[in-house]
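Letters A, B, C and D mark the chains as written, and numbering starts fresh at 1 in each.
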Amino acid sequence: MAKVPVQFTLNGAEKAEFIDSGTTLLHALRDKIGDTSPKGGCHQGTCGGCSVIIDGELRLSCLTLAETCNGAAITTASGLSEGGVLHPLQRAFLDAFATQCGFCTPGMIMAATVLLDHTPNPSRDEVVEALSGNICRCTGYEPIIQAVLTAARSNSQNAA
Amino acid sequence: MELRKSYFADQRKDDLHEIGQPRPRSDSPGHVTGKTAYFADRNFPGMLHLKMVRSPHHHARIRSIDISEAEKHPGVVKILTAKDVPHNVYTILILIQIGPEDETVLADGKVRWKGEAVVAVLAETERAAQEAAAKVKVDYEVLPAVFDMEEALKPGAPTVNEYHGRNYYLYDSGECRKVRFGDVEAGFAGADHVLEQTYQSSPIEHAPTETTGCIVVPEGNDRFTCYTNTQAMFFTLDNASIILQMPGNKLHFVGGTVGGGFGGKVDVIVEPIAILGAKLTGRPVSFIYSREEEMQISSPRAAEKVVIKDGVMNDGRIVARKVTGYTDAGAYSRHSPYGAQKGAGHYPGPYTIPNVWIDTYCVYTNRTPSSAMRGFGVTIGDFALEVQMDKLARLIGMDPLEFRFINAYRDGDMKAHRQPTEGAALIECMQEASRAANWPVAEKYLSMSSYAKGV
Amino acid sequence: MALALQTFSTVKEANAALTVAGTRYLGGGTLVVRAANEGDVSVSILIRSTEPSLSAITVSGDKVRIGASVTMAAIACHPDLSSLAHAARAVGGPAIRNMATVGGNLFAPAPYGDFTVALLALDTTVSTKDGEVPIETFVAKRESNHAIVTAVGFTLPVDGGFRFLKVSRVKPTGVAVLSIAAVLEQAPDGTVSSARIALGCMADRPMRATAAEKALLGRKLTSDGIEPALAVARDGTSPITDPIASAWYRNEVLPVHLGRLLLA
Amino acid sequence: MAIRRGRGVAAINYPTGMNLGGDPTQALVHSTPTGNFMVTLSSVDLGQGMKQIMAQICAETIGVPTDRVVVDTADTDTGPHCMGTFASRGTHRAGNAVIQAAREARQVMLEVAAEELEVNASDLETDGQGNILVKGAPQKSISIFDVALSAHFKRGRSISGRGMFLIPRSYPEKETGAMKPSTCYAHACTVAEVEVDDETGEVTVLTVKNVFEIGRALNPKMVEQQLVGGSWMGVSHALYETTEPYYPNRDHGGTDFNQYLMPGPGDLAQTEIIVLERPSADGPYGAKGPGEMCANPQIPAVANAVFDAVGVRIDTLPITPERILRALKAQASN
C-alpha cells in the first residue's frame, strides 16, 4: 500500500505523517494523529459530526482526503480552548445546557465557530442556516441555537 | 421551562440542597472540547475491521456459501460463518425466560430478512474487508416473502420463522396477550355510539448520531475487553456469554458515554461476533455499523396496527373499549413480544373505563427485526388512543379537552389490568394545559382533582 | 485493491490517467469519497487535477464561465453571480457547499443536482477536452462521459429574469422534493417573450418543461395567464419515488409550486 | 391556495421502568480518605445525564455538595449489576439503589463523626456543605473531610454502602391479564397548533405547549433538556420519520440523514414546557421516568390539529404531505 506524506498544522501545531493514499482526513486525524474530537457519525457527509475548519472554511473531514490538505491550517473542536480557558462558544454551550450525548457537539461548535468568524452578530436565521448541515438527535436544536446566539452577544459585548 | 409548584404542594418536600438544583452537567466540558471518550475513540495496534456480508433477499434458502476467493484476498485475516459460532441460535430475552431462541448470529441455511448477517469478514483495513466481502459467493434460492401483518396471519402464508412455526408469538395466554375487564359487549350494547377505527404506523429508526458498535481487545490472559456503546452492560455480556459459550468471567465490558441510544442499542448484535473474531484471531477487532446499517439493519421501532372500538355515551362517558394491537416484529423476536405485552398493560390509556377487552399480537414478517425504542409498546398506542379520543369527542359534540376530563383516571380507580390507580396527575396536566394554551374548559373541570373521589 | 489518489497539475494528464480501469475523477468528494466510504470497491484510483483554470470564475459582460472545481460556496458569494446565489445555496449545508463543485453537481443523481437544474434553465454549455456541448445533451449521456468537465458557460439572465425554487421537507437544507428553475424574458407589456424552465426530481436527472415553456409564451404572469402552462407542467415527467416523496406526490404538487414560482 | 390553521390536544400517561418489573439495579458508594464520595454502577449514560443525576442523588443523601461526588459507571469489572438504561428506568432504579447505598455510607460516616464529637450518631445532621453538626448545637461540628480521615487512618471504618433496588416481577394472569405493569406513571398533556397548506399537504407546526408531570425534577435544567428534545422527537415522529416510507412495501428505505427525515433547525415549533411534580411513592426523591413519555403526546396532538385545520383524518404515521394531499383530494371528490 502506497504511503504518502501529509503535512499540515492542526490547531496551530505542525503535523507530519505518512499515511495510506486515499485516507480520509477524518481517519488521519483520529487514527494517526490522535485527535478524536471529529466524530464519524455517517461517513456520508450527511451528519456534520466530522466538521473541521480548513483554511477558514467549514469542511467535512469524512469526505476530504488527507493528502489534499497538505500545507493547510486545520482547526478542530479540541483546539478551540486556549490555556485551559474555554472558547466563548464552548462556554455558551455549557451555560445553555446545549449538550446531551455530546456526539454532535464538536461538529456543531465547528460550524458555529466559522459562522461567528464571518458574521459576529448573526440573526437567528443565519445561525439556523449555519447549523443546518449538522444533525442532533437529542436536543431538538433550540438550546444549540440559543447557545450560539448567546456566544455572539457576549462576543459583541467584549468587542464594544 | 416553568415549574408549577402550586400543584401537589402538599406532597412535596422542598428542604433539599442538591435535588431540584440546576447543577451544571459534569460531562459537558468534555463534550464541548471534544475530549469525552466514546467507545470508538480508541485505536489499538493491529486492530482488525469486521464487515458483514448481508442477505440481498427478503427470504431465501442458502444453498451454499463459498468463501474461498474472499479468504485469499490480501489483508483478510479470518472469515466467519454460522459454523464458527458456538451457540448460533439465540434470543436476547432468554435472560428473563422469554423464548424460544429464534435468531441466528450468522445465517444458517436460510435468511429471513433483507440485510440479515450471513458471513463476517475480518481484515487489516476496512477497505480490504469491503473488497473481500464482495468476493464472498452465496447461492440463494429465493422464497416467497410476507411483509404485511394481515397477510402473515392468514393460513397458507409463508412461514417467516421456523423456530416459532407460526407467524405470531405464542404467549402463555395464547396467540395474544389478553386483558379482560368487565363485559365489553354489554358495554357496546348499552352505548349511545360505537366507533371502531384502525390506526397504523411504519417502522421508525432511533437514528442516534453515533452508530452501534464495539471494539474488542484480547487481554492476553484469556479475557476479552469489549468497549461498547450498548445500553445494557450485563444484559449484553450475559447474552454474549451464552452465544459464545464462554464463561462470563472471561468477558469485561466497558461502556462510558454513549452517543445517543433511544432504545436502539439494547439489542445484542455487534458484540458476540466481534468477541468471537478477537478470540479466533488473537487480535483487536472493531465492528462499527455504517450509517446505512444503522438506518436499515439495526432494529427500528416496530410498525404497529391498532384497532380501537369504543362505546360512548352522549354525556361523555366511555363505557366500553376494545383494543386489538398488532406489533410487526419483523423476522425475529428480539424485544417485540415484550413490547406487545407492554401495550396490553398500557391500554386503555389513562382513562377509567368499566368494560375493557385488550388483545395484543406480536407478528412475524420478512423485514428488519424491530425492537425497543423510546416509548416502547406505548408510543403508537398513544397516537391511536388520543386520535380516537378526539374522534369520540367530536362524535358526541363535546370539546375534546373536556371529554378527557370526564374520563380521566383518578387515585383509587381500578385499571383494566386490575391495579388501583395511584399517583394520578392527568387531570392537573390538562388543567394546566387549558391555561397555557388558552383552551377554556368549564369551571367544574378546573376544580377537579386526581386525588381519590371524595377526598 | 486499496484506494489511492493521483494528483495532476494539468487536465490533460488527468484525462490520460482516467483511461485506466478502476479510476474515477475526484471533484469535491461529496459523491466519490462517500461511495468509497460506503464500500463501493469498483473504484481504486481517484484522479484529480489542480489546474488553476478549473477553479476560476470569469464574468465578462453577461458571459459567465465557471470552472468545474468551483464550489457552491464560491458561486454563492461571487459578487457578479448574486442572482444565482440562492440556487447555489440550495445545495447541502455550509460544509457541503464548501466542497461540492459545479462539475460534480452535473453528475449528481436525483434528488440531488439542484444547481444543475439552474444550469439547465440557463442554457448552459458544458466544456470538456472534446469541446462544448449543450447541457441537455451532456446530462442525457452523463454516464458515458469519460472526459473531465472543465467548465460550464452561460449568459447571465436580465435582472429578475432568473427564478429558482427548491421544495424540501427539512428546513433550511433538506434534499429536494423537487426543484424548479426558470429563465423568463418579458416584453414591455408584461407578456412572456421567452421561457426556459428546468425541473429537478421530475425524472432521474434534470429535465426541461418544454410544454410549459411554450404555453407561457405571449402570456402574462398572472393566475389566469399561467394557467395553460400549469396545465401542461407534468408533460413528459417521470418523477422519482424515493424516501422523500413518491412520484405521485411530485407530479401532484409540481403545478402548484411552478405556479407559485411564476407568480412570485 | 390556503394556509389553514388548527389545533389539537392529547393527554397521556407512561409507566416508569421495565414493564412488569423484575429489573434490578445495584449501586455501591464509598468515601475517599479525604471525604469525597465514589458511586460505582454499571449503568450506562446515553447522554441523558445519568452520571450527573446519580451524583446529585448521592450528594443529597450523604449531605455533601454534588461536586464532591464522582460517578464511575459502565464497567462490568467494577460496577455491580444494572439491568440497563431503557424503559425510563435509569433515574428511578439506579437512583433508588444509590440512595440506599448512600444512606448506609452516611450512617457509618455519622457513627465515626459521633465518636469524634463524643455524641450519639442520631443527634447529628449534615449541613449540605460538607460538615456534620450536632442538632441544636451547630457550633459543635466536624468536617466530613476530617471524618473520612479519621475513619480511614484512626478508626478503621469503611464509609461505604450497598444499594439494590428491585421491583419484583409480575406475571400477567393468562385469561384476565391481571398484572402490575409499573409502580408509578408520569403524565402529560400537549396542545399543538399547526398550519396546513391545502394545496401541497405541507404542515408547519407553530406551537407545542407541553405540560409534563414527572414526579420530581431532580435537576430542572437537565429535565428541561430531555423534555425539549423529546417534544421535538414527538413532532418528528408525527410528521417525518420512518425507515419504510411505503410500508408494508419494503422499497425506498432511507440510508442517510438526507433521506431519513427529521425536522431541521429551521422547522422548530415554538415550544413551551411546563412541569408539575407529584412525587411518586417509590421514586428517588419522588422522581418518575420522564425520558420516554415526553416524546409521545405531540404525535396525536399534531394529528388532531391537522384534522382541526383541514378536516381530514390521517390515521397512519407519519402524517406526510402526501397522505394529507391524498385525503384532501378524496374529501374534495366526495
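To be clear about the criterion, a residue touches a chain if its C-beta (ideal position, glycine included) is under 8 Å from a C-beta of that chain, and two chains touch if they have at least 3 such contacts.
No experiment lies behind these values; they were computed from the predicted model shown.
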Chain pair with more C-beta contacts, C-D versus A-C: A-C
Distance from the mean Cα position of chain D to that of chain A, given in whole angstrom: 30
Inter-centroid spacing, chain D versus chain C (mean Cα positions, whole Å): 47
Centre-to-centre distance between chain D and chain B (centres being mean Cα positions), rounded to whole Å: 17
Residue numbers of chain A (touch at least two other chains): 20, 22, 42-44, 46-47, 97, 100-103, 125, 128-129, 132, 135, 137-138
Overlap residues in chain B, where contacts from two or more other chains coincide: 25, 27, 125, 127, 207, 257-260, 262, 290-292
Of all residues in chain C, the ones touching two or more other chains: 2-3, 36, 38, 171-173
Chain contact graph, described as a line, ring, star, complete graph or other shape: complete
Residues of chain B defined as touching chain C within the complex: 51, 125, 127-128, 130-131, 133-134, 290, 292
Contacting residues of chain B [partner chain A, same complex]: 24-25, 27-38, 40-41, 43, 125, 127, 206-211, 257-260, 262, 290-292
Interface residues, chain C side, partner chain A - complex: 2-5, 7, 26, 28-30, 33-34, 36-38, 46, 48, 73, 92-96, 98-99, 171-173
Residues of chain A touching chain B in the complex: 20, 22, 30-31, 34-44, 46-47, 49, 76-78, 80-81, 86, 89-90, 93-94, 97, 99-106, 109, 135-138
Residues of chain A defined as touching chain D within the complex: 42, 44, 46-47, 97, 100-103, 125, 127-129, 131-132, 135, 137-145
